[in-house]
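Two complexes come next, and they have one chain in common, subunit A, joined by subunit B in the first and subunit C in the second.
And now, the complex of A and B:
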């Protein structure tokens, strides 16, 4: 293999491919990137056996071939080379030489045939949708995913495609985020759980453009075809809990507050919330929403936010992080909260839309 | 040189969790009350009040069994914040009597009164004063054992429970211990008890009749310790408890285990014991370790550190079962299984309610 390219063009492929490589691997080769020079392109593959990213960049190919390079070192070298000088990659057995200006590096590669590929299996259905639609769905729900939960099916996002509606649901068992989006109809109903890592990579890869991406679902995997990049991830096998059961009807005591004002008040109150529990009190009464926090050092804070509310006062404890993350993800200027009592979840919506929906269970303080 | 006899108290609250509910919620006073896991799930009983114990309900019993035995019982989920608050007041009160106090759990502590009687004429008078203060300030009852060692003080507090005071003077220690079954001694678990039973040693008096060498021959190093304990010789000091780093239990099987499903069941019961131990100490931990010993005495451990401490015994059991899959269990017979939780922190009094129940 022998190619020549520029720093910018190489980085466009190396960056995303290296980002899926784990810092600690079970197999040495999983710390490598697989490079293929063919035609007028260099294909770069990174994998952790759960996700796989293939990036293609235009390069000048003098000699076709395949090599592997240690991902982290390769990325660091390319990144730190000067912008202007062209970069040459060439192969000497399993050693890879990088030449640029007056810099010269030799990296130790591994047998390219040993590099594992993700077998995504027979494809089931293929659909396309605008990048920004998928990005929006993930961005407004992914914060509620569980992390390393033994209920492994919570460590990801449920995607449900029924008719023209694509829905994303994430929950860590304490709070839940749901967002619907109208899209082109899928050929058949789809219910899959994208794992956490796949979701995070996708959020990085997806842009705000209306350009469509192709999505292929197989029973065990899903593959996303973006411009210059193919990203595939294993799906989480398992049953997502019946989330419909825990989303209350929108018939609670309604409180409407200004989103920016509420968000700033939450940010200030969080400073004195109990560091471990993150618990704060939310009290609503005629025309006002009162936030209060106290910590074990006997420090206290109170914030009042003008609110559209009339009725009997209600007081509920919440994890301030859960409120902050939900409010930050809301699209509208006005927030509508449905509250019941101190033992029941609250439902948070944009005042003028029915989606996204956030459900948060209270804390017993 | 003859030393002054030590004066040690063991204070053990009576059905602490349930008693707090009964005290604060008058409608619960006359009904059988069980605090613990979900009776429709797989939780275990943490504490039962004495009305419930009449029905055969006791700690560590699966809550579902308790419900079957006594369907009219009121089942409550633990309210750790209240127990912790009660415990703080209890320990504060006890520390007025001695600066040498060693809390064992939320509702249990050792007190050393040697050279610390202050204004009380006798250890018994001090013990009575403690019981009166607990009654007045906490509205709860406590059983107290008084003796010259931790071992006997602990056994004595259990002698006349609930609401009892048992004083064992040094001269009566051998007589007090003699009729007790061997399993009452610390360190005698099911395996040791089985070995002793096979040697026709059922009571502490039986142990005493043996020479130290015989017990060491029978049981190994613990035999020597048991010989001392059987004579009431226990000079363990009472001190402020060193910070606990982990909490674990293990069990040696009568017959080596090969069946994974059976080992899963055993891990579930170990998880319930560890979970209960953490609960009564107001602790939670994030690092779960499973230990397995093979017939050739090779011992392996497998650990996992979780983002959040497992909230229920069931979640702990699930992690333990996953860790078991990373040992040779199933292919190689297993003679011992252990489960430990480390990376301990104080459990949060504020409780986040779950979405899915």
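And now, the complex of A and C:
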């Protein structure tokens, strides 16, 4: 293999491919990137056996071929080379030489045929949707995913494609985030759980453009075709809990507050919340929402936020992190809260839309 | 509330389950089985979510607090388990448990398992708080003489009926090893094709291997207790388990020195009870030691000590011979057997 390219063009492929490579691997080759020079392109693949990212960048190919390079070192070298000078890659047995200006590096590769690939499998259904639609769905729900939960099916996002509605749901058992989005109809109903790592990688890769991406579903995997990048991830097998029954009807005591004001007040109140439980008190009364926190050091904080509310006062304990994350993810300027009592979950929505929906269980203070 | 038995526990669970349930025992099998009872009673309901924290994975009390105080979206009731293995709650954990027991979450039943808490440990705040607001159950591994009875009950629960000889044989075979005992009963049940029924000593012999577990102290007790058969099995078991010789010799030598001191004092007409206290003889062994001091011929313990010294040299390669064989011979002579009995186990 022998190619020549620029720093900018190489980085466009190496950056995303290297980002899926884990810092610690079970197999040495999983710490490598697989490079293929063919035609007028260099294809770069990184994997951790759960996800696989394939990036393609245009290069001048003098000699076709395949090699592997240690991902981290390769990325660091390309990143720190000067902008202007062209970069040459060439293969010497299993060693790979990088030449640029007056710099020269030799990296130790491994046998490229040993590089593991994801077996995607058959029975595929293909759909396409705008990048920003998927990005929005993930961004507004992913914060509620569980982390390393023994209920492994919670460590990801449920995607449900029914007719022309695409829905994303995430929950860790104490709070839940749901968002609906109208998209092109899928040929059949799709219910899959995207694993946490795949979600995080996608959030990085997806842009805000209207450009469509192709999505291919198989029973065990899903593949996303973005411009210049193909990203595939295993799906989580398992049954997502019946989330519908825990989303309350929007018929509680309604409180409307300004999102930015509420968010700033939460940020300040969190400073003095109990650091072990993250608990704060939320009280609503005529025209005001009052946040208060106290910690074991006897320190206290109170915040008042103007609110559109009339009715009997209600007081409920909440985990301030859950509130902050939900409010931060809301798209609208006005927040609508449905409250019932101190034992019941609350429902949070944008004031002018019906989606996204956030459900948060109260906590014991 | 103090519970006295597993049946008490079942009763407490079937009525209004206490908010905190503590099971303390030094027998892992008994702790685990009590925990299963709690799970069967409380977590079989799909409306109950179960979360377990275990000391061997490191207990993060911030995470535990957060979990306990955060009701579940999906389940109206929760069973939260804290397992300390053979250890006990300390510092942060003890403090949290003491607080929590007085102010338990309404949707949570908390199960705590830990090692046996002595009378002194039971005075600790966290223990008291659970005893007052929840339920406490202490479980003890059956003593040697209680093991046949324990096995009979356990066999009965599985539809097995063992006669006296079968029980005695099984008790002897699994000496001191409850997990093995439980395993052997399961094996016996399989032996009957899962149908249960009556079993004799021959059946047990046919179905069960030698599962006894001896400690270095058991050998000394067997030798001084004049039990040659048990000496042979203890030596074989220790040897088979790959136990190092020095601690075995050390344990036996220590008991011999105690005996020599006791015989010495007896010869001077001193009170043996006081002597036992001075020599820090373990309370449960005092009766036996006093009897042995009286019955063992003078000079016999010194001879045995001399033999142990020689075995030590053999073990280190300074003299020829098999140290384990010599140890068996020395222990057998102490046990009063002139010739080794026919090989057992």
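As a working rule, the second predicted complex is superposed on the first by the 364 of 365 C-alpha atoms of A that agree within 3 Å, B and C clash if a C-alpha of one lies under 4 Å from a C-alpha of the other, contacts with A are read in each partner's own complex, and residues count from 1 in each chain.
Keep in mind that, in the parts below, a contact is a pair of C-beta atoms (placed from the backbone, for glycine too) under 8 Å apart; a residue touches a chain by one contact, two chains touch by 3 or more.
Keep in mind that this is a model prediction, so the values were computed, not measured.
In the superposition on chain A, no contact is made by A:256 with either subunit B or subunit C.
Judged by the touch definition given at the top, the superposed model places A:60 against neither subunit B nor subunit C. Legend: residue contacts after superposition of the two complexes on their common chain; A:345 is shown touching both subunit B and subunit C. In the superposition on chain A, A:246 makes contact with both subunit B and subunit C.
In the superposition on chain A, A:290 makes contact with neither subunit B nor subunit C.
Residues 171, 173-176, 241, 246, 276-277, 279, 319, 343, 345, 359, 361-365 of subunit A are contacted both by subunit B in one complex and by subunit C in the other. Contact residues on subunit A toward subunit B in their complex (touch as defined above): 147-150, 171, 173-176, 241, 246, 274, 276-277, 279, 317, 319, 343, 345, 359, 361-365.
Within the complex, the subunit A residues that touch subunit C are 171, 173-176, 241-242, 246, 275-279, 319, 343, 345, 359, 361-365. Of all the residues in subunit B, the ones that touch subunit A in their complex are 81, 306-308, 310, 315, 318-319, 322, 348-356.
Residues 49, 61-62, 65-66, 68-74, 105 of subunit C are the ones touching subunit A in the complex.
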